[in-house]
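Please see the structure below; I have some questions.
Going by the order they are written in, the chains are A, B, C and D; count residues from 1 in each one.
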Amino acid sequence: MAGERVVEALNRGLHDLLGRDPGTLLLGEDVLDPYGGAFRATKGLSTRFPDQVLSTPISENGIVGVANGLALAGHRVLVEVMFGDFLLLAFDQIVNFAAKSVSMYGRRVPLRTVVRCPVGGGRGYGPTHSQNPQKHLIGVPHLALAEMSAFHDPRHVLADLLDRGDPAVFFEDKILYTQPARGEGRIDQLWAAELPAGPLGPAVLTMGRPESTDCLIICPGGVADRAMRAGAELLLRHELETQIIVPSRLWPFDAKPVLDAAGRAAVVCVVEDGPAGGGWGAAVAHELHTALWGQLSRPVVTVAAEPEVIPAAPHLEETVRVGPAKIVTAVWEATR
Amino acid sequence: MTAPTLDDDLDSLLLIRHFEQRLLDLFAAGELNGTTHTCLGQEHVPVALSPLLAEDDFVLSNHRGHGHYLARYDDPAGLLAEIMGRRGGVCDGVGGSQHLFRDGYLSTGVQGESLPVGVGIALSLRRRKPGSVVVAYIGDGTWGEGAVYEALNMAALWRAPMIVVVEHNGIAQTTPTEAHLAGTIGGRCAGFGIRHRLVEGNDVTAIRAALAPAISLVRTSGEPLVVEFRTHRLGPHSKGDDTRSEQELEAARRADWYPRLAAAAPESFAAADGRQRDRVAAVVDDVRARPASEWRRQWPANE
Amino acid sequence: MTAPTLDDDLDSLLLIRHFEQRLLDLFAAGELNGTTHTCLGQEHVPVALSPLLAEDDFVLSNHRGHGHYLARYDDPAGLLAEIMGRRGGVCDGVGGSQHLFRDGYLSTGVQGESLPVGVGIALSLRRRKPGSVVVAYIGDGTWGEGAVYEALNMAALWRAPMIVVVEHNGIAQTTPTEAHLAGTIGGRCAGFGIRHRLVEGNDVTAIRAALAPAISLVRTSGEPLVVEFRTHRLGPHSKGDDTRSEQELEAARRADWYPRLAAAAPESFAAADGRQRDRVAAVVDDVRARPASEWRRQWPANE
Amino acid sequence: MAGERVVEALNRGLHDLLGRDPGTLLLGEDVLDPYGGAFRATKGLSTRFPDQVLSTPISENGIVGVANGLALAGHRVLVEVMFGDFLLLAFDQIVNFAAKSVSMYGRRVPLRTVVRCPVGGGRGYGPTHSQNPQKHLIGVPHLALAEMSAFHDPRHVLADLLDRGDPAVFFEDKILYTQPARGEGRIDQLWAAELPAGPLGPAVLTMGRPESTDCLIICPGGVADRAMRAGAELLLRHELETQIIVPSRLWPFDAKPVLDAAGRAAVVCVVEDGPAGGGWGAAVAHELHTALWGQLSRPVVTVAAEPEVIPAAPHLEETVRVGPAKIVTAVWEATR
């Protein structure tokens, strides 16, 4: 909707989802009105759907466990974990119970538990409230991962995650909450967004001429804004034209829709805003190397955060998080 | 919930006893893989409880769950096939001894994981099948896990109709309760404002009579309940790993229901005992002859 | 452990009060980033406790820890510089408000995480510095975390000299205690066989006198102790996020020590109040003028 | 030592480590004599070092937390987690506390917590007792990961992990426990092992002529035996000569010692016995692609377990775990 911020789009999506099915429940810490959650994503829900919203004690593992029980009994369940760092407290319920239960009983046991959590730095919250924990959960059988973006309507993405019968985690970059929800169309003078494969497919951000791409950046929603700034810089300073692909689904990662563009680009760059190693960047790069061997003129460039905690002070945060400059440097160096 | 007769109870007790003993034999003979935790000495717990449960109730079991399963479902062949990885296993051999699932029944092998799950199921039952309850079996050692307390807190706050059945056998693997549990289970329940009932002995009829009103109250009030059975593990933790002294084992044997019931009615007991021994033997023969299980994966993982 | 005078206590209370109030001002003025949880209304807890602690004791603090720090270390500039990310911060601005570390003091922002850590430190102290204790501050809401119970169990089993100080302010972020905690904190401690002391009011001298013997007993016996302070959060959870009614806020204000002490000795109070206000103002001016902190990473991560 | 099994070498190592420093402590469930831990790795320790061994309640997160507290107070601490799957219960203490504390206080806070856990299938323990959880912890800043092998003396590896001041996790493939501890030297008629970079460097397994390698397999200790069987098969059936490199340290992964061999080999194959995606295999492959671009004649082949739980029945386990045949097929297909 026009003028919406991302957190409002998210909130609207949650309203829709609780509204379409009275069996859909939402649990989390401090999610009741008038507060509506630490980042206000659940605002209005408890007033409108008092029987479907449950405010919980501070018990991340327990809450996800309760959600798993409800899901086992046939409910669709959304859990809000207040900060992505605290997801680690719930890994047993996410990995050992939710994901394994789908298949370990010999037949498919659908489990519709979707855990949402704000992730990433840039807000000065300090090292235990700023991590990007995506990497820990990539490649868990029967666990789907998606990341919020300004281009994808959270309603569609969450509905898909809730409906598929595999448990899922939805990562929400904190910085995005207050940014405009863009959807498709023109973003600014330089950039325009398209969703060529529909509301769940990757968003494609172009400068107008997707055919003649010098650089293809693949990144999740939380990094897209920084990638666009890097793209602008690459154009201005180095006359390189960039295309950006922003998948909503991080895992299982579908490489098909990016192969064409990746095969054509002079530089392919995968960006993730967490420390490198065993994460999304290397996983995507490996798929591309394998699928496009002989077609790529240089190795896929991966850009990641420094291998460090996210410090509290904003000027220090910027030394660790991925910023446009780091992307620009990595791409530029690859071309030389 | 038709009332079982004394004979039914005895059959059930003996079925479990012989099933578990044969499992240990099969292990010793190298016919089983992995691990198995028998409930020898604790058979009366699920036998006493099962007739108090209705079809819509949900049972959450743990690693020591063969008795929980057999007392609820008269399906030794399905269970043995599961454990042996043969055709007809409850979960086609994917889950094995510790991971069983049927409508209204689930077990898993991570201690403590089941209690928050139980709260969730109980909350759903209260909405959709009021009057139904969750029964979750855990051991004394499992009270070491934080998940237990997160669950108790939420169960009490939200009036989740869940009955936590504690099989307090005085030991966790090799660790005696004194070394792993400070205070008492009853005291811990009180701290969460949760009712707690202690059950001693193994007289199935008496236990059932004593527990029936408390369990009914869970159905009507929605308030959770913890039932703590003081019981004894007769066998090893899994197979051959018993570090207890002969004295401790002797105490466990003295508390066993088997010699007590055998002495109480020697003839009918012997008849039932033979019947169940033969039944289990036939089940073993049947299952042993079956081909390996097939995992009918109808879904692509991570599609 | 030299006994503090009434004036020392008042200075300490007022230093914390003015520090926290200025933080909220700085936030409102956009001069601070991130989040900050002030201890307004709870200043007396660490002020009462700190003189009972020795240098070798270890304090574990939480998100609402400025008072814990200032009552132990007379270092408002180090703390403010840390929060503002300026030169001279306790942790060079890497940790920020919730993550402080000095010899004998550590805070972290994940609720419940500190209690098992506290057990470990306490066990080490018992070995290497007998008579020393760990003091771990947590809030009422933190009793939702399973880690708390895993730690209490081990502390009791192993006689870890740890004092858990509960700042029970009746709320967790926006959730009133009735909605997040079933039963009582005292009852939960009893369930683990752990001594529990309830402290009401905010008379620092009286509290200290009442607690001194119990804390000494931890030093000599090694047995853990939980001290529960009934207290009131005067301010918002962090900044501007207070969902309580005017009535609730009024009740918190009525319980505040500030007007009580101001009325009790108006002149000396006013003098102290002015002194600390000025001191904090000077600290703010000093820190604000400092350059940004530098992170002197002397180690390669993952080398 | 001659005739030792791996679990005996591990046990000897633990004896040495507790013996060399009375401040070194060991915690875990059921670690006391006469049991000595579920896999008997801690046998004899509680008798010989009664003050250094603590048997704990079933509280994985709590135990690692206690270890972290002890480590903060200056102790070296070994924790045994009974099965690697249960490590997930302790992720908050491992990642949010141990690893972050090293750097989040602005100066280095050394934390000598080493968590050991048995991992992997092949023993019929079922889906909650068989996972390989390594992938979840790769790329965590300040967290070291190592895996037990038959060629590395666990004593040296654990001593190094305990001494470096970063917390660490040591993965022990269950199957290895009862296999012979081999160290350096001849393994069988085909294979011989060397530790050219010393006791902590990778083990190099060759058929005698390392120069003329057709295939280089890089794999952790738990997979080495399967890799050797695959190598034998590749020689027999396809006349391909294989070299195997078995690093002890999984992360941070040091690519240097493998670059030479990887650059020379016709096929480079990285094997891990867990589901693919965001794991060690892709991380290593990405490093090699980047470092050896232009030198590699084909993309690095990664072999992983099927993306599934490890089922209980042995015949089903083999459909998911990595076996020699899967390695052989992958390598052979790559050469064609």
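Here is the rule we go by: contacts are C-beta pairs under 8 Å (C-beta built on N, C-alpha and C of every residue); 3 or more make two chains touch, one makes a residue touch a chain.
None of these values were measured; they are calculated from a predicted model.
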item	value
Chain located farthest away, centre of chain B as origin (C-alpha)	C
Centroid distance [mean C-alpha coordinates] between chain C and chain B, Å	45
Separation of chain C from chain D, taking each centre as the mean of its C-alpha atoms, in whole Å	42
Centre-of-Cα separation between chain D and chain A, whole angstrom	31
Residue numbers of chain C (touch at least two other chains)	89, 93-95, 99, 108, 110, 143-147, 150, 153, 157, 179-181, 295, 297, 301-302
Multi-chain contact residues (two or more partners), chain A	56-57, 59, 61-62, 85-86, 89, 92, 96, 103-104, 126-128, 141, 251-252, 277, 307-309, 311
Chain-level touch network, classified as line, ring, star, complete or other	complete
Parts of chain B lying in touch with chain A, wherever the complex brings them together	58, 89-95, 99-101, 106, 108, 110, 113, 115-125, 128, 146-147, 150-151, 153-154, 157-158, 295-299, 301-303
Of all residues in chain A, those that touch chain C in their complex	29-30, 32, 34-35, 38, 55-59, 61-62, 85-86, 89, 123-129, 277, 306-309, 311-316, 319
Residues on chain D engaged by chain C in the complex (per definition of touch)	54, 56-57, 59, 61-75, 77, 92-93, 96-97, 101, 103-109, 141-142, 144, 251-252
In the complex with chain D, residue positions of chain A that touch it	61, 85-86, 88-89, 91-92, 95-96, 100, 103-104, 126-128, 131, 135-141, 251-253, 274-283, 285-286, 289-290, 293, 298-300, 302, 307-309, 311
Complex contact set, residues of chain C against chain A	33-35, 84-85, 89, 93-99, 108-112, 141-146, 172-175, 179-181, 241, 243, 292-293, 295, 297, 301-302
